[in-house]
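In order of appearance the chains are A, B, C, D, E, F, G and H, and numbering begins at 1 in each one.
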Amino acid sequence: MLEEIIIAGFGGQGIMVMGRLLAHAGMVEGRNVSWIPSYGPEMRGGTANCCVVISSDPIGSPVVAEPDTVIAMNRPSLEKFAPSIKPSGLLIYNSSLIDIVPERQDITVIAVRASGIASELGDIRAANMVALGAYLRARGVVSREAVVDSIRAVMPKLSQSLIDLNVKALDKGMDIAGDQLMISESIS
Amino acid sequence: MLEEIIIAGFGGQGIMVMGRLLAHAGMVEGRNVSWIPSYGPEMRGGTANCCVVISSDPIGSPVVAEPDTVIAMNRPSLEKFAPSIKPSGLLIYNSSLIDIVPERQDITVIAVRASGIASELGDIRAANMVALGAYLRARGVVSREAVVDSIRAVMPKLSQSLIDLNVKALDKGMDIAGDQLMISESIS
Amino acid sequence: MSERLLMKGNEAVGEAAIRAGCRLFFGYPITPQNEIPEYMSRRLPEVGGVFLQAESEIAAINMVYGAAGAGARVMTSSSSPGISLKMEGISYIAGAELPCVIVNMVRGGPGLGGIQPAQSDYFQATKGGGHGDYRMLVLAPASVQEMADCTADAFELADKYRNPVMVLGDGALGQMMEPVTFSKPPVSVSELPPKPWATTGARGRAPNIVNSLHLENEELEKLNLRLEAKYRRMKSEDVRAEVIDCDDADVILVAYGTMSRVCRSAANMARSAGLRVGIVRPITLFPFPSEILSELAKKGVPFLVVELSLGQMVEDVKLAVNGASPVQFYGRTGGFLPTPKEILARMESVLKDRSQAPCGAVPER
Amino acid sequence: MSERLLMKGNEAVGEAAIRAGCRLFFGYPITPQNEIPEYMSRRLPEVGGVFLQAESEIAAINMVYGAAGAGARVMTSSSSPGISLKMEGISYIAGAELPCVIVNMVRGGPGLGGIQPAQSDYFQATKGGGHGDYRMLVLAPASVQEMADCTADAFELADKYRNPVMVLGDGALGQMMEPVTFSKPPVSVSELPPKPWATTGARGRAPNIVNSLHLENEELEKLNLRLEAKYRRMKSEDVRAEVIDCDDADVILVAYGTMSRVCRSAANMARSAGLRVGIVRPITLFPFPSEILSELAKKGVPFLVVELSLGQMVEDVKLAVNGASPVQFYGRTGGFLPTPKEILARMESVLKDRSQAPCGAVPER
Amino acid sequence: MAGIKVDGERCKGCELCVAFCPRSLISMSKQFNSRGYRYAELTDPERCTGCAICGRGCPDVAIEVYR
Amino acid sequence: MAGIKVDGERCKGCELCVAFCPRSLISMSKQFNSRGYRYAELTDPERCTGCAICGRGCPDVAIEVYR
Amino acid sequence: MTRVFGRPAALADVPTHYCPGCTHGIIHRLVAEAIDEAGVLDRAVGVAPVGCSVLAYNYFNCDMQQAAHGRAPAVATGIKRARPECVVFSYQGDGDLASIGTAEIIHAAARGERITVIFVNNAIYGMTGGQMAPTTLVGQKTTTSPRGRDAALAGYPVRMAELLAALESPAYIARVSVHNPANINRAKRAIQKAFEVQIKDQGFGFVEVLSSCPTNWGLAPIEALKWVEEHMIPYYPLGEFKTVEGAG
Amino acid sequence: MTRVFGRPAALADVPTHYCPGCTHGIIHRLVAEAIDEAGVLDRAVGVAPVGCSVLAYNYFNCDMQQAAHGRAPAVATGIKRARPECVVFSYQGDGDLASIGTAEIIHAAARGERITVIFVNNAIYGMTGGQMAPTTLVGQKTTTSPRGRDAALAGYPVRMAELLAALESPAYIARVSVHNPANINRAKRAIQKAFEVQIKDQGFGFVEVLSSCPTNWGLAPIEALKWVEEHMIPYYPLGEFKTVEGAG
């Protein structure tokens, strides 16, 4: 089992946390995991991305060149990373901020109104959890429980109410992905 | 033809100049020459020495380990370098400042009252030239003329009167060595 | 805490150092190692230690000199340009025979270069980028767990040899998170063996002097010979390498650190495709595992050395192999990590060259 | 002036630099190279140049960076600990592809070490003591005349390659006096080829940028590959070595600089005693004369490498020879120069080993 | 008559101009530009004096002022 | 009664004590010591006050003062 | 309508990488305006530091060199000594100039080097992610002073303008701020003077500019400017600390 | 008769390598006396510089470290932070402290490091044979300013005591001289104070001592002392530039 994921978006969209939650959940479930951020000169509002690898074997490069999955939270990220997804891979994108429709036909594509849903839930910053939920549902590499358990470890300062919000966002994302996957299955 | 010389004494006794005069004279006469000072932390009154090599072949090490000739201007220098002289080599020493008599029997030894004679000539600083004169006479590796010609090149700021004094000291040294060599020859 | 923690390599270094009894850290910010000083600035005061941000890398290494000379377990960390600035200080530390740990999270060079991972400071680390005949013991971890383990070992080895020890990582190892376990109990600082040579105040004994100046040739040569004997001892007692699947190998990959992980993926790919690939992963870069390589070379099996540089460790491999089998090189720079596929392609060409070249001939890199 | 002058090696460097069109010198005092800055401080103002004593070796090398970037022929000099401090700056100069000349009058190390001659900065000079994949072109003169000639060449080669060039001497070469002749007419500074890349003020052209930062992997790799191509070009166009009496040799001495002079005396002694001894004297240490050595090694003749260090160039010799013939090493440190007799004794033992060892085997050093 | 021209793509939405305009004539767009920032807009062009205070305070030289 | 003791082997003949002694009681030897220096000598022991000014001014701590 | 305000010629028409509201951008523009107004664009040579302004070599329309961390004054010295006809300036942050580059700035000033130094003091290491600088205020939290700077451990912040003014040689030394329009204008004037003393061969010119780092201070841009006013200026008083006869 | 003056216990009973009449010797003795009198010999750790006093590690009867050129304050910092109970001092020349080591001394002072620094200003690089130092006077001839120091080229000499006094943190800063008996006594007092502020944990103590270099100045020892008085003191005024409540 080897899952290589790139998560990308604007700085401030919680990209790094998504990745760390995934990696931590993988660790909790006994997998080999790695997480690595893109790092560079400090710049707010620039793009940021991270790579997560979850594997049953020892992990080679933590830097992912051809991901199984890309989660793109803004348009530049979609444009940059969608082409590198492996055939039959997965693309999840934040359709609230991305107005183009990805062209690739050889991958599964899930559009999630992540920012919109998060705003509706009360905090736009939870958009990352919506997208993460979608991923969990679509891929099933780690369990929802492992992710929920990891929230405290990854964000020790979060208040209970924010945790609740994040879990709600996660579940919402899972629901949406579930719906879309059903549709696409019925189409294909 | 290969002549390796160590000249040693207190700082301020004109040790370096003696060596440079010799090397320059050798160069004037078309030889390969090298001169190298001992160098170290600045310290007035410490001991100083330099090595001169004059050779018809290209010169290997400029640093002399087993000299053909040692010119010792004070006692510590004599003690340090006399033992390293090659068998049949030459030792010239400043008997004004050195009250011991060198023990080696396998070398030629010339005692020169260099400081005393220089004082008598009017400037104790010319002691080096007295010793150098002795060397010229004893070894004949470079000519008196080449040394005299080199004075201006090596000490461009010297006044004519000091040049004259130096030449006088040189000649005095040559005379003394001549006398001693005759004696030692007649003894042996 | 022997639970698994998800930590950055840089943080693992910090935690491991503290658990190894390091109570002093002197450093200066530079990407991609900033999490080390940041971690130390949070954690050291909690254990009664001192974190000091020095005015420069040079000041930091000289503070390390002072503290090491005073007998403390002490560490500094930096990345390539900052490590270059420490060269004089490292030479002094080696010359004065002081134990300390220096971490280099290598980034691309030369000059300001870039901030992505690289392995182009191998020569500097292993041959002595500073002046004079000295060596550091150099450890090259390949995972966050090893970042922790090597750091802990580094303190022990530094004290064992009274010599600076470098942990040579890279941007990827520093920035990535992986699970890490600290299984050994923390070192008790007060129970560490005493250092009778340290400058702790000359109470009831003759003064101690920490020094690397020897104006007499005899004295300086004596120091140099003592150092050489020490380096020989390192070679006989503390060489470390991981040797994987080399017995039946048609080709052996040689790589360290981050690069060795990718080679492992490539080797697995190759084995699935029926190509028998072995790996030698030096863990100590100095002392270099030359004997392991020269032993393997006797069979004439070709080596492919892969580095994130234009070819540095490859020289040590060639020196070890000494013409007994072919050695080829593949390297990427600028922050690129070669992919397993790239390496696979190179391996195939090594094998092709091999089948054509006369036995023992070494293709040019 | 094509007369013979009796000059110190350090002075010859200064005079040669000025005659090569160097009008800027930035330096800092350190024994045994002080006569270089002192000479420059006297002479440069006479030719309209600038001598500036920098606040440190680091400032000096960065002033060199600035002046070189502005298109000037510029030089700095120092000795071992001071050169270590320049490592970051040299890496920057190499990365920004600036031409300049750096003189190292090596002294004993490590640390403060001593002030007597040594050759223990060979690795630092040739493998890149600074971070990143870069190289200097390194010239190793062996006489005062060559100190002058190599310095003059250094400026030409620096401009040819837009690369730092190091003149690697030692305390003996710097301090000794020998006859020297400046036979070529002085370079006319105004007639030197223009440097269109230099920062001279962007009048009527796009701005020039002197830089070594490349945050994009692609860009940084491009720089590294361009540098590698340059170093390959050096290897094909500018290798220099003196090969003496190697045709019939039973043993070949390999030595550079001051050490090669003593080897010459030893070889002469040996020949008189009926022992056929050849000498290879690398003049460029990078690019190293590997082909000359590998060619000679084909005959299986043993090499004895002699250095004023614990063994550095010997690695390049072994890499060149690649197991084709035995390579032994003899070195002294601390400021000692081996005597011809010492070397002779070593040669005899090489020959003895040789007659016993199986062909091609390499005795350990 | 005076006015300003904001380069919406250069603007990073820092709102310094909003705070600096002595007449409070600047506010932020509802839209994002392609880099994800809301950008400055002149709300009441009639009242702009062309004093250029906004421009001089803009870290990104995204404002040109006309008079 | 007071006096000084000069360590003739330590003395480097710098003559600072000669200049510093308020009573000008110190002068230099005719002899050289083994390192080639003339050394300081107290010329008129009777008049020495033991003020130690000479000692405090000696860079080589070659003078001990008694009182 | 004519354009009464816009991009100076010396400032390249490219987007910068600075964070939103970072006053590096304002200071860049002031420097560019000073170059324009002195009419020296075609003989100006700038030196970019290591720090957030490292890419300044892309932002000025004149010849530029990128210098090693802290060494910009030495690099500028090399350029100026090689090309005395050029107008040479360095642009440096507080980590660069007041920490690692202390020796270089002090000695460039002590030599009275004919260069202009723009010193951007934002009380933090911006580029590397907000570590403590020598200029970090007592109590200020940074990633390497997580409990706030402790004077007992790290001493008091260094006032570079005052320190350099203690030297004999420098011609012009001032501290300004860009936290509001009025101060931006005053900053401009000081930067002009620092160029003028060079152009008139009067000596070394230095302007310390108090600047904001919203990102690493964790403040909105406008809050950050208030922080400059309320916290920095009381410790770092504005003014001219040294000036020569006829400067400006 | 009892001995009323002689070698302090902290000063090793060995001949020094200093030139005849070099006041390094006097300053060594004063430091040793201060250590004796404070009763801290068995917890003193000294740091020797690179310079004529490099061998100071042989001359003090306490633990010593030899530091790289200019880095003695950093080395002393490392020692003090590792062993706060030790009394740590550095002994440095003007090339060492005021040139290559500028950043280290300024930041040790700025941190208020609990160390004592003895700064021997002889306006020249003694050890290496008389090159120009940052402290070399205008017009003074040295081997690298053969026409005399030219302020237009090399700037004006640096006054380290005043420079450090411009910082907030240091506890004690003074300049003294040892060119005659009265000044030697005053120098002693200042050195004592610079140790006291450390011992009392009040902060950083610094004494600049004007010293002679007869060898490289080309003067007889006593002439050299006159030169200190007539040429150095007018440019380097003596006095206390900073002191804390209750110092000394």
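In the analysis below, a contact is a pair of C-beta atoms (placed from the backbone, for glycine too) under 8 Å apart; a residue touches a chain by one contact, two chains touch by 3 or more.
This is a predicted model, so every value here is computed, not measured.
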item	value
Smallest number of contact steps required from subunit A to reach subunit B	3
Centroid-based (C-alpha) most distant chain relative to subunit C	F
By count of C-beta pairs in contact, the leading pair of chains	C-D
Rounded Å distance, subunit G centre to subunit H centre (Cα mean)	34
Gap in Å, rounded to a whole number, between the CA centres of subunit C and subunit B	55
Rounded Å distance, subunit A centre to subunit F centre (Cα mean)	87
Multi-partner residues of subunit A (each touching 2 or more other chains)	40-41, 45
Touching two or more other chains - residue numbers and ranges from subunit F	12, 37
Two or more partner chains touched - positions in subunit C	31, 52, 55-56, 58, 81, 88, 92, 96, 111-112, 115, 211-213, 215
Subunit F contact footprint on subunit H (complex, rising order)	1-7, 11, 15-16, 18-26, 29, 180-181, 184-185, 214, 220-222, 225
Interfacial residue positions of subunit H with respect to subunit C in the complex	41-45, 47, 54-55, 57-58, 60-68, 71, 74-83, 85-86, 103-104, 106-107
Subunit A-touching residues of subunit C, taken from the complex the two chains share	4, 6, 31-32, 115, 171-172, 175-179, 258, 261-266, 268, 337, 339-340
In the complex, subunit D residues that touch subunit C	58, 80-81, 83-85, 87-88, 91-96, 106, 108-116, 118, 120-121, 123-124, 127-134, 211-225, 227-228, 309-310, 312, 315, 318-319, 322-324, 332-336, 362
Subunit G-touching residues of subunit D, taken from the complex the two chains share	24, 26, 50, 52, 54-56, 58-60, 62-72, 74, 88-89, 92, 96, 199-204, 207-213
